[in-house]
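Order as written gives the chain letters A, B, C, D and E; numbering starts at 1 within each chain.
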């Protein structure tokens, strides 16, 4: 069962390398990702599942996959995101479509692996595997400054993951049974001092990936320069890797060190939230605006996790999913606008609501989710997260809360500049938006509102992970 | 009951979905019928709910669990009790009328936009119903933010106009500031009490769990929320700007319903508020200040809707004064009466604007009395009602608040009476300038002056009747009534307490305030019957005309600094410091690479020299502690 | 001072002097000749140490064959006298300083090494330097390296062919 | 004879060789200085060999302790000879191409 | 012993072949068959089927590890010659002589994997080095080759002198050339012994091109004909590492405390010089030479963490690094020039070749699913097991991320910058041969244990 999440994308990706016809490649990719989606839905309906096979006996590394609630919700997000991305961008994918799609599916393979891996070495393996296709995708098909920007992104994250590798080896050495399994890691014999070292090594990797202020500068550039399909992958799913890492590895494995660093990280995150929000206010580039908004949201999730209260972590788990869906929607809309108008500058936009009412409605819908309006999915998560920050410290909670005002400012700025006003010449060029993208957006918007009104299934899904974290 | 409440809630939602999704498919007629019909259906259901409450008392219904985790449980519950059923009636009742009015008022719009308008309006009703029906603060908050959203959408309804969009955004953001306060208050409750349900928070046991600091904190934060939504100082500037929306919207949202949500919320949580002396004082002071500030501005405004908007702000200030002095039922009473007469005034203004072809400047009107007879009569009734002339409804509600204020502190009362006088003055200034005297508009406008259609005048008439007689629900015992409303609300706010004034005093106060109001009223009519206000010359006049320069003040103190901080962060910190550090690391590597490769100078002699030096270095490192010390000693022993 | 000591010091002085002359001479041919003298002095030391076989081999292989090869090459390429460009003075000084400190360090180390304090070496006695025991050792215990060193020569031969052949 | 004398002598010769390598530019002379270093090592080996031999002889009259060092010297000579043949071939090759034996003459491979 | 005898013998065979058998292809095939025979002979000893019993007077000791390492060297050489055969014959007309030199080098390497005596170390190193001097200078017409040869030769000889002085000191201190573990308590004041260790350390660092004894490496690797650079930087250097480990394990380990200061310094300076200097190179070949220094820095970790784990690691490192380097140099051989510009647009014209190059580069950079990842992983693990300060590993990893910079610069040149690549004639089979290399690297990247399964049993 779990193996299918690794194998379906992998096999399809290999297959795609040999299919030169762009159309059929696209169809195959869509069918494959939809297949994964079906599998993910089936998985979400089941209990916890394991898969275990020997891998490198010398190192006692195992091919161990484990799906609990946290993994499932992210697998679900990945499984939803990829077909959505491929369908929505299928009209404007580049020439060598098969290779493009193949790399995307390799990235999906890596992401699935990251979320399912129950073995640290395997986790690291997939962690890198998710990164490399993205590097190529962005560098080949990205914007003008793609090479330098993607390179910065790559080296930045690579440095982080190398630190994590050291951390993995470090903990591995202190396990009693010399194993990379997460269960053995959890039982590793680490003193408080060693925990801090291991914590720092892991945290750097996750912090860069998320990213947390002040390690975030790769992100807006990378989002801006990557092809939007890749930006969507990065923004909707890949940044979740860092948060997932904290929830799955950092928090359970190094509780002492975790607790010791709560204050630093929370304060840093809150600074980051406000900082990114402020910058977003002044952005004119729609992609950069979404990027900074994403930094702010991720910072909130991180702060909530580090507040180390059940309510906040629960909220963050939900928000992992919700933020993915929301930001995906925003990117798709932004992509359609960019593709059809050729500009990302919001100053040159305006009047979308008049020219393309449907698209404008969708944009507003996702924008509302972005500001966590009640009855959208983001509200549930953010409500719990702010709540836990408030319980952690009233003033920190209040300071973080300011971001909901700032979020309203920049998001509405965007809506105003893009959708409202007189129709600008750029917007006037727009043709009808293609049906598949529209359908994807509508489906995503339905998810936004359905999970916003009935979030309980998501809570039930993640309940077992939450319990694991807090039972100890 | 479950079904009934479901009906109430879901009809507007159905209307929203129907109009929103089918906006390109239905004809205007269908849209209008459906939109209005759904609200009327909801109104009828509300009546049943109201009757149910009268018979069986409060009920709460459970639908599903919104959030149900180990630490927090938030059910999706609704509560129908005396307070909410009353609000239900006002919302759906006034809402139906305004829907009806809108069908005619918005006729000129294309059918897609027409549908959009009604979709928003229906959605607004839906959220407003959530707000008042919710059985916990989260549901209230959902409605709270939802109505803010609808307000935003409707203010910016004519989205091609940049100013309107700006006004919409401003409204939303200012509301958000308040919402943050509300949210923090909710967090505080969850933190201390672990629940947000009314049935668990608003009890004596939970009060015992809260320290007085907690209560003050929570109530102040809740009040912050109310300030945003109900446009109190300092978060009131959005409301006048919100007049950018279509006039029926102003009537419904920015006069009758949404802006009174703050009063609803505080009344709902009156147990908490009553336990915090500080908060009550704050509320009273802010309320009366807002009432006076807005009134002074209203005196000098020339835009018909702006005057009404400031008047609304001012009236809201009265309601908060009422809340602050503990006259909860008085505040609610004023909400209800205000809903009628302010809706009436706005709709009347809409009718005028309609007739004047979107002209809103009262200086260009005048003499409309004969041209728009129904509008004129109804508008006049509204003005009398708001001016507090007995026996119109405004008199009773305002008087109740003033009496309670006097009991608390005569200063409140004096200021309140001054405010009431100003209210009478500016309302009749508005009335006189608009309807009396001679027509001052263009001949073209004059030629096209006409009374509004039936769909518009019918609501006006109904509302005028309501404004005139609504005082009946709260005739004080002093006058032989038995104050139905305060008994009605007794389950929520407690039995009306004796305010401790003798009947003589009460009669005196009443007489004084009525007299002053009447004087102001007559003064205004006399002054403005003939002439209009041009741009004022006096300092105070200018100051009021320019709205105390508060917008400018906010711009310089808050908006601009924020923008500058953001720009500084974006251009300096982000680009130079943080990105600079990252790129600097890269540059450092490049620089060292350039320098390091110079050592590799291609000459064997140097290479070997480096090797020899390196060997020497190794020796020194190995023997770091002994060698140098003992280099020239003969023996180690 | 015994005759051996006198001989030792004389030979040592001669060796060091000649070695210095190797560096100092501008003409490479002179350097070669001085170097041959160093080898002779070293052979003298070998004889002092009763390592006659090595002394002879040293003369034959080094002074006789290798140095002649050097001379031959120098003649062949006909390096003119004084044609060698000199290094800068500073570089030379650096070289001398580096070599000097290298020497100083090692001498200091040797001085402080406890194990060799007061140890002497056997001068003219002992038979291990004679050809018989050496031969026995070479072809019994050291036959493997001896054989393997042929590989060295083979590769040198191949090298000479590859590089020397036009 | 104290062993130190020989050690000092050999170190001096070795260092002179090092200094020669560092200060001369003629490839042949540099190479000769390397040979000088090797010879210094040879002498030192023989000296050590005699040192150990002397002590062993006092214990056991038939001891051949120390002979390994002399054999080692033999191998050093073998290697030196092989090295010389290759080295001179390389120097000659360089001379053929450049008509110079200056080690700094060819200086294109750098940085 | 089998391997030493057979390889020496095969060297002689190739010498004869150089004039008795014409046709470079034939000579190459003989060399390949010889190598297979050599592998078989070595495996025979490894499995105890047939062993040439020679009394080495305890100068050589044939451990399973050493023999297995031999096998790996031979296999790598086999692959190397299989791929580069044509290119070798293009340099001069001495193909068979070069093969002879390869066999001699392998003979030297076999000695270095099994020596138990400093004499054998010395002879082994010389047998390894002298053919390398020749290979470096084999392109007689090229001034670069000349320059490289003379530099290499002079510095190599100098380091031989240093090595010999070190050996002599050790002899003077212990009276033996055998590798005997010293007793640290006695040797505390035995400075001469320490001096010997330092000198040998310096000389061995020279052989493995660790900073600050690395200066020859860039110039020599750059100047030598590219095919031979490929061999020198991989198999020849790896043999040096094995020798270094052998001697380090026995004689240096007891001084852990002191080496705990010196070795990390050497490692870090090597990593720094290699990685940082490589960043600014304009020639791919020179970049790769610096990267080989950087890789040496990682291999030195095996010294730091001497353990059976580290030994496995160094084997994996050697194999993976050699495979990748042989591959990338084989690509470089086919380029008309060595600059990065020559690679522009390679992905468009030669997608498979570009992909293979990417695999090689990723492996060098240590990116997962290539063998290079596990190589680096083993090194980190070995060092941490040895109880090193974590800072050392962290610094190393920072340099590793710098290495990504220059390796990926080449990937960028191939994939992302349009242009026409300056590439020579290339037949399909050549690419497929490289594909075999890449597959090996990828297989080792997922199942590194395949390499060790034969090490124990």
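Simple rule for what comes next: a residue touches a chain if its C-beta (ideal position, glycine included) is under 8 Å from a C-beta of that chain, and two chains touch if they have at least 3 such contacts.
No experiment lies behind these values; they were computed from the predicted model shown.
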Third chains touching both chain D and chain A: B, E
Chains touching both chain B and chain D: C, E
Centroid-based (C-alpha) most distant chain relative to chain E: B
Farthest-lying chain, centroid of Cα atoms versus that of chain D: B
Chain closest to the assembly centre - both centres taken as Cα means: A
Chain centre separation (chain C, chain D; CA means) in Å: 5
Length of the line joining the C-alpha centres of chain B and chain C, rounded to whole Å: 101
Euclidean distance of C-alpha centroids - chain A vs chain E, Å: 43
Averaged-CA centre spacing for the pair chain E and chain D, given as whole angstrom: 27
Multi-chain contact sites of chain C, meaning residues that touch two or more partners: 87, 91, 94-95, 98-99, 102, 106, 109-112, 114, 116, 141-142, 145, 149, 152, 155-156, 159, 163
For chain E, residues that touch 2 or more chains besides their own: 119, 123, 126, 130, 133-134, 137, 140, 150-151, 154, 158, 172, 189, 191, 194-195, 218-219, 405
Contact pairs between chains, per stated definition: A-B, A-E, B-C, B-D, B-E, C-D, C-E, D-E
Contact footprint of chain D on chain E as seen in their complex: 119, 122-123, 126, 130, 133-134, 137, 140-141, 143-144, 146-151, 153-154, 157-158, 160-161, 164-165, 167-168, 171-172, 175-177, 218-219, 222-223
Residues of chain E defined as touching chain A within the complex: 312, 362, 367-369, 373, 377, 380-381, 384-385, 390, 393-394, 397-398, 400-401, 404-405, 408, 412, 415-417, 447-449, 452
Chain D partner contacts - residues on chain B that touch it in the complex: 597-598, 600-605, 608-609, 612
Contact set on chain C toward chain B in their complex: 87, 91, 94-95, 98-99, 101-102, 104-105, 108-109, 111-112, 114, 117
Chain C to chain E touching residues, read off their complex: 106, 109-110, 112-116, 141-142, 144-145, 148-152, 154-156, 158-159, 161-163, 165
